[in-house]
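Each structure below is given as structure tokens.
The two complexes that follow have subunit A in common; it is paired with subunit B in the first and with subunit C in the second.
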Partner chain A sequence: MTKLMQWLAAVGLFMSIWLAIVLDMISLNIPDSKKEILHALPVYILIVFACYSLALIGYRVATFNDCVEESRELKEEIQEAKKELTEKGYKFD
Partner chain B sequence: MEANRKYSVLLPTYNEKENLPLIVWLLVKVFTDSGLDFEIIVIDDGSPDGTLEAGKQLEKIYGKDKIVLRPRKEKLGLGTAYVHGMKHATGDFIIIMDADLSHHPKYIPEFIKKQQEGDCDIVTGTRYVGSGGVYGWDFKRKFVSRTANYIAQVLLRPGVSDLTGSFRLYKKAVLEKLVESCVSKGYVFQMEMMIRARHFGYTIDEVPIAFVDRMYGESKLAGKEIVDYLKGLLYLFANL
Partner chain C sequence: MATGTDQAVGWGLVSFAGFVFTYYTIWVILLPFVDEGQSIHKFFPPRFYAIAAPLIAGVIGLILIAVFVAVILSASQKKKKS
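And now, the complex of A and B:
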């Protein structure tokens, strides 16, 4: 089963349960005042998911390690490498 | 560490004249210090800057058994460069890395240790967890990278934190099988390798790495690459 099919199956399952409740095919005795929330549920979920995603990406961008130390070390090693290679007869130009 | 195992490093190069001697020096140092048997296979695609000549000098210094030059006449791309290099590899394990000093050889002993701990089939470097990270990236590049990775994680749930990284250690037979079954190019190729590896049931472990952006040579992060990435992602999403 491809990842696309897994997604379609999961979304399809959720939407059919939701629809069944909205169309009163499954009766949960939800009071009318709460029905509005129920009707907008898929949209709410989408919005929450989008916010969650943005927050997570933002957090990960902010906490992305800047490897300053590693870069400095590498620069030193490059100097060492150039020196030793030249000694071994390597011609840089 | 066990002495009877041999590691083949595949270094694809295109216009890496400045970087090649430096990466080779670092590699030789790491392998010698840890007493490991190794060879470095350089696959140069007819670089106009004279990378091959640099390789020939290194071959003289370190010997033909350590520096194995396997050039091709023209620029044929990374995927086929790995296939080409692998054909000449005599090691039990293959290490793939970039030649532009973005991938530091000092992590190789950690890769090997991780591999031996769980006898896993693949060890991949990751910029995204633990002490991993990047140097030389501005906000935009970090954002694009994190977003691209997040989308891939949500859609594909691969169980590997860095899908597009190209610093990895493979058992030779595993890499052969994977390369043979992967069809994508570029970043997507690296991603497909991981997803297919999961499908085949291969075990994958990770080592955090610091990715230092290239200091020498041309860099390219074009809009086209982002589009290609998304297309490739959708292809994998629909087909795997």
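And now, the complex of A and C:
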């Protein structure tokens, strides 16, 4: 089961339960004044997900880091590899 | 390191998302529990727009993405021919 199938299954399950309640197949005796919350629920969840994604992107942008140590290590390894290859007779341009 | 602009933009995005979340939650989830005629209702548009606006925005967004993809694809098609 891929991640996509999991998400589709979860969304399908939620939507079928939601539809069943909205279409009165399951009667929960919700007063009419509170039904408008129920009707807006899928759009509300979508908006909440959008807000979460936006906030996460913003947070990652604000706390973006340089990897100084890793960059130094990588440069060292490149030098090492170059040295070994020159010893074995490879010519760099 | 993230520069000053990066941080400003990043925290701006975070606070914008937080504001939208708070406003929309109060509008959609909490407002039905508040009596009609309370002054808090003045700060929110009619309830119809709570569902209509995101849907319309979503449809427009999808159309824009589709147009963008179509333009990109046709441009790359032309390049191949010439």
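Heads up, the rule we're going with is that the second predicted complex is superposed on the first by the 65 of 93 C-alpha atoms of A that agree within 3 Å, B and C clash if a C-alpha of one lies under 4 Å from a C-alpha of the other, contacts with A are read in each partner's own complex, and residues count from 1 in each chain.
One rule holds in what follows: a contact is a pair of C-beta atoms (placed from the backbone, for glycine too) under 8 Å apart; a residue touches a chain by one contact, two chains touch by 3 or more.
All of these numbers come straight from a predicted model, not from anything done at the bench.
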{"item": "First (subunit B), second (subunit C), both or neither touched by A:46", "value": "second"}
{"item": "Contacts of A:77 with subunit B and subunit C, given as first, second, both or neither", "value": "first"}
{"item": "Subunit B versus subunit C as contact partner of A:2, first or second or both or neither", "value": "first"}
{"item": "Which superposed partner A:34 touches (first subunit B, second subunit C, both, neither)", "value": "second"}
{"item": "First, second, both or neither for A:66, with subunit B first and subunit C second", "value": "both"}
{"item": "Which of subunit B and subunit C A:14 touches, first, second, both or neither", "value": "neither"}
{"item": "Which superposed partner A:55 touches (first subunit B, second subunit C, both, neither)", "value": "second"}
{"item": "Subunit B and subunit C contact sites that coincide on subunit A, given as residue numbers", "value": "57, 60-61, 64-66"}
{"item": "Residues of subunit C that touch subunit A when the two form their complex", "value": "1-2, 6-7, 9-14, 16-18, 20-21, 24-25, 28-29, 32, 47, 50-51, 54-55, 58"}
{"item": "Complex contacts: residues of subunit A adjacent to subunit C", "value": "33-34, 36-37, 39-40, 43-44, 46-48, 51-52, 54-55, 57-66"}
{"item": "Touching residues (chain side subunit A, partner subunit B) in the complex", "value": "2-4, 7, 53, 56-57, 60-61, 64-68, 70-71, 74, 77-78, 81-82, 84-85, 88-92"}
{"item": "Subunit B residues within the subunit A interface of the complex", "value": "21-22, 25-26, 57-58, 60-61, 101, 104, 128, 131-137, 139, 142-143, 146-147, 150, 154-157, 210-212, 236-240"}
